[in-house]
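Each of the next two complexes has chain A plus one other chain: chain B in the first, chain C in the second.
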Partner chain A sequence: MNSFLIGPAVSAAITMVLALLITIIDKLVNNYGVVTIDINNGKKKLEVKGGSPLLLTLAGQGIFVPSACGGRGSCGACKVKVISDVGPHLPTELPYLSPDEVKQNVRLSCQIKVKKNIDIELPEVLFNVKKYKARVVSMRNVTYDIKEVLFELGNDVIQFAAGQYVQLVVPPYDKVKESVQRAYSMSSIPSDTRHVELLIRLVPGGIATTWVHTKLAVGMTVELIGPFGEFHVHDTPKTMICVAGGSGMAPFKSMLYDIAERNLYPDKEIWYFFGARTKKDMFYLDEMDALQKKLSRFHFVPALSEPQPDDKWQGETGIITDVLDRYIKEHIGKDNGLEGYLCGSPGMINACIKVMTAHGIRENEIYFDKFA
Partner chain B sequence: MKNTQSELDAYERMKPGIITAAGFLGDDVRSLRDIIEADEEAMAQYGITFEHAADFLKFLKAAGQAGLGEPITVQSRYVVTVGDARGKLPCPWQDGLFHKNSVMVTDSKTDISIIYSDLSIHMLSVHHFCQGQGSPFRLNPEHLALLIK
Partner chain C sequence: MAPLINPITLIFASIFTSNILLSNFLGMCSFISISKEWKSSLGLGLAVTFVLTITSAICWVVLYYIIIPLNIEYLSFIIFIIVIAAVVQILEMLIDRLSPALYLSLGIFLPLITVNCAILGAILFMQIRNYNFLQSIAFGFGSGTGWWLAIVLLAAIRERIEKNPVPAGLKGPGITMIVIGFMALAFMGFSGMIQVQ
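Let's look at the complex of A and B:
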C-alpha cells in the first residue's frame, strides 16, 4: 500500500470504530424498553415503547392531549398531572406553569420523556377524543377574511356538545417544515355527526390560517382531532347573554341551532351580541334573522363599531361592550337572573366580564372560550 | 462583519420550525450581523431610532386593543387589529418570553401594512432586528418611517 494512503485509512478506521461505539452505547443507554403508563390510578394502563415525549406517546395510543403548537413547547396547552417521579421541572416548562401547578407536579407532556413506568392523571373526556380523516366538501367566504369550511368524516361519526372545538392538523407547506395544530370551535350542529363545520379567520402571518385561506381546497383530506373543551350551554332558567365578534360566531352558531332544533332549555331567554367594525366584517345576518323567527325567545343584536356611509347600517353602533351595557340596563329582563357566554380574544373577554359583573352577573356564571 | 457567537446561536434559532414554524429570516440569505447593520443604516438614513419606532408600535397596539379583537381606527388614520394566540414565544437571543400575538396595522394615508408581535417589538428595540427580507413580520425601516411621519 502506498504510504500516503496509510494516514487517511487509519483515520477512516478510527472514525468507523468510534461511530460503531456510539451506536452501541446509544442502543444500550437510550433503550428504555417497554414501559407502562398508568392513567387515573389504574383506570387505563398502556404498554408503550419508552424514550419518546409523553404527548407523542399518548397520541400513538389514541389519547390526544390538547396541544396548539403540535409539541414544540411554545403553547403550554398540553398540561398533564404526573403522580410518579419524572425528575425536576425543565426550564422549558416553567414559564407556562403557575407555582401551584409546579407544586402539584403538573408537567408539559411535550417536554417530558417516558423513560420508565409513569403514573398520570387525565380528564376522562379525553378518552373520547379521536383523530378523524376529514374531506373538505365545501368552502365559502362569509366575509373577506373568514372562511366557512365544511368537512365530511366519511364513515366515522363525531359526538360533541355545542361549544366544543377540534384541532386542525396543518401539514408542512412552502417554508413551513413541520406540521402544526390549531384549535377551532365547531360551528356545525351536533346532530349532524358526519360533518364538522369551522369558521376560520385569516390571521396575517398565521401559519395555519394562511394555509386554510391559500392552500386548502374542496376535495382535500385533512386530519381533525377532537372534540375538546368545556364551553357549553348550562341547563338553568337564567337568561343567556352571549357576546362574540369575528370567528367567535362559531360556537354560538352551533349552540343556537342545537337549541332551536331540539327546543332545549325552554325557559331560557337568549340574547346574542355580535360586534364587527363595518358591514363587510359582518356575516350570518340572514341566518340569525331566520333563527329569531323560529325561536321567539332568541334576540340577535348585531353592532358596528365604525359603520361606513355605504353600509347604510340601521342597527346598533358602538363598541360591543357599550352596546351590551346599554341593553342590560334598558332592554334585558333580570327576573330569571343572567349568565354570560363569551367567545373571543382575552381583551374582549376581560372587557365583557367587567361590564357583566358591574350588572351583578357573578363571575362564576360567566362562561367563556378564550382564543388565547 | 464577523458574527458573534450569540448572533450565530440566535440565527440558528431563527430558522423555520425552531421557535415559530416560519422562522424570522424569510428568504434573506444574509448573515444576522449583515441584516442588522443594513437596517441600522436604513433607520439612521430615515431619521428614526429603534426606541422611537418600538414606542410607536407599542402605542398602536395599546390603542388597537380597544377594538376587542376587531379592527379599530386609531387617530383617524391607522386601522389596527390586535389578535391573540395561545402560548408564549422565547426571543432567539434567549433574553425573554413574549405572549404570542399579532398586531396588524394598515395606514390609510400611505396604504402601508405591517404585522408585528410583542416579540417583534422586543427584537426591534433591544437587538435592532427588523427580521429578514420576506419574513411576514418584517418591520421594513422605510415603512416604519412612513408610518410614523
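Let's look at the complex of A and C:
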C-alpha cells in the first residue's frame, strides 16, 4: 500500500519543486527593470518594464501595431523597423520577411523581447491608434447576409480618414477557444467621431462573421482597435473610379459621405461601380441615389450579374468588370486622367486591376486594401 | 560494484572508445538532421555537452538521495525525464539572461535537447554502471563532448559531400548513414585502448 503511493507522490513532489524553481528563477532572471523605447528618433519615448515582447509592451502603452493573430507569430502583420541591435533574425520571423526587409532590420514585434533600451521606427499614424470599448447601438440587415452594425464609443472619440479600417476583437465562443481579431473597413462618416459603423457579410464558416451574425446583439460591448490602413482618397484632379462588391461598399460609403459633406476635391469626378449577383444582394440604392442628387459630379452604377425575372432590374447587367470596361470606353471622360479604388474579394480586385491597366491606368494609381 | 575508473580516463573513454553516438547510436535524429551545417552542429554539440554534464550531476543526486532510498527505481525513467526538461528550461532562462551571445548561438537547440535520447541514455548508463558522483560528471561531460565531436566531424564531411556528385538515390540521409557507418568503424579502432563498463 505504502510503496504503491510513495512512487507517484515522490514524482509529483519532484515535479512541483522543479516547477516552483522554474517560476522563481523566471521571476528573478526575467526582470530587466525599466527600459526606454525610443520611437522615431526621439519623437516619443516610453519608459516600460522590460522582458515582454515588443508588441505587447507597445500595446500596454496604448500603441497598437496591427496584428491579426494577437502575437502568436502566425500572421506576420506586426512588422516594425528596429534601429538598435536586438540580435539576428529568429527562425520564427524569417518566413514572413522579404530579403529587403531583413536587410533593413524589419522585425516581427511579437517575436522580439524588450530587454534593453531600444530604438524603433513606427508610422506616425499608429500613435492615433487606440483600443475602444464600443457598445452596439443598432444592427440592421441591409441584405440577407450583410449586417450594418453601429457602435457607440462612449466618451472616446475616433479620428480617422475615410477608407481606413478597424480590428474587431471577437471573444472566444462555442468551439472557438481563442480570441481572434478581424479587420473591417469603417462605413461611417469621419465627422461622426463618436460612432463607428461596419458592414459585415456572413462568410460561411468564418469565425468572426459567424459570431457577428449569430451572437452579437444590441447592447453588447466589444473591443475595436484602430484606425489602420492606407486606403484613402488621393487629393488629385484625376477622375476617381471606384469598384466594389458586397461589404466592399463600406469604405466608399464613408469616402462619399465625407466628400459630399465637406465638398472635398471639387474638381474630382467620381464614378462608383457596385456589383451584385441579384437584387437581393443589392443595397443602399436609395442612399446612393440621394448622394447623386446632392453631388452632381458623382455617378453611381449598380450592376447585377444574374438579374432574376422578379427583380424587375432596369440598371446595368453583367459582370462588374465588363460593365467597368464598357463605361471607361464609352462614358467616362479621360481628360483629367483616371485613378482606381477597389474594395472586394481578391478575385474581383485582380480582375479590376486587369481592366484598369488595359485602359492605361498606372498600377501605382490603383488603390486597395489587401486584407480582404 | 563497478571497477573504479579514474574520472579522467572515463572522459577520454566516453569520447573515443565508447562514443555515445558512434558505438551506442543514441541521439541519432538530431545527429542526422542538424548536421547539414558546420556552424549549427557546433552550437547543438555545445548545448548537448552543457546539458549532459549538468543533468548527469543533478540526476545522480536525485538517484542516490531520493529514488534509491525510497525504493522507487521503477519510476526513475519518468523522474529523469522531468529533471532533464526542467534543467533545460532553467538553463535556457539563465543563458538568455547572462550571456545573450551564447543564447543566440545555442538558441533553438536548447529546447530540442529535452527530447534528445543521448541525454537520457547517458544518465541511464550512469545508473546501471553504478558510477559515483565524480564519475557521473566525467561520464556526462565525456559523452557530451564525444557527441559534439561526432556531429562536428559529420557536418564537416557532409559539407564536403555537398559539392561532390552523389548518386541520386543516395542523396541526403542515404549517404549520411553510410558515412556514419564508416565513422563508427573508425571509432571502433580506439576500443581496445580503454574498456568502459
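Observations
By our rule, the second predicted complex is superposed on the first by the 347 of 372 C-alpha atoms of A that agree within 3 Å, B and C clash if a C-alpha of one lies under 4 Å from a C-alpha of the other, contacts with A are read in each partner's own complex, and residues count from 1 in each chain.
Definition applied: a residue touches a chain if its C-beta (ideal position, glycine included) is under 8 Å from a C-beta of that chain, and two chains touch if they have at least 3 such contacts.
This is a predicted model, so every value here is computed, not measured.
Of the two partner chains placed by superposition, A:V218 touches none, neither chain B nor chain C.
In the superposition on chain A, contact of A:L264 is made with neither chain B nor chain C. In the superposition on chain A, A:L21 contacts chain C only, with no contact to chain B. In the superposed model, A:P88 makes contact with chain C only, not with chain B. Counting the residues of chain A touched by each of chain B and chain C gives the higher count for B. With both structures placed on the common chain, the touch criterion links A:A77 to chain B but leaves chain C unconnected.
Residue contacts after overlaying the shared chain place A:C69 against chain B, while chain C stays out of touching range. In the superposition on chain A, contact of A:I6 is made with chain C only, not with chain B. Partner chain C is touched in their complex by these residues of chain A: 3, 6-8, 10-11, 14-15, 18-19, 21-22, 25-26, 29-30, 87-88, 90-91, 115. Of all residues in chain C, those touching chain A in their complex are 62, 66-67, 70-72, 74-75, 78-79, 82-83, 86, 89-90, 93-94, 96-97, 100, 104, 107-108.
Of all residues in chain B, only 16-17, 19-23, 27, 65-73, 82-90, 97, 99-102, 104, 113, 115, 136-137 touch chain A in the complex they form. For chain A in complex with chain B, the residues that touch the partner chain are 68-69, 72, 74-77, 95-96, 175-178, 180, 183, 203-207, 245-246, 248, 275-277, 281, 305-306, 319-321, 344-348, 351, 371-372.
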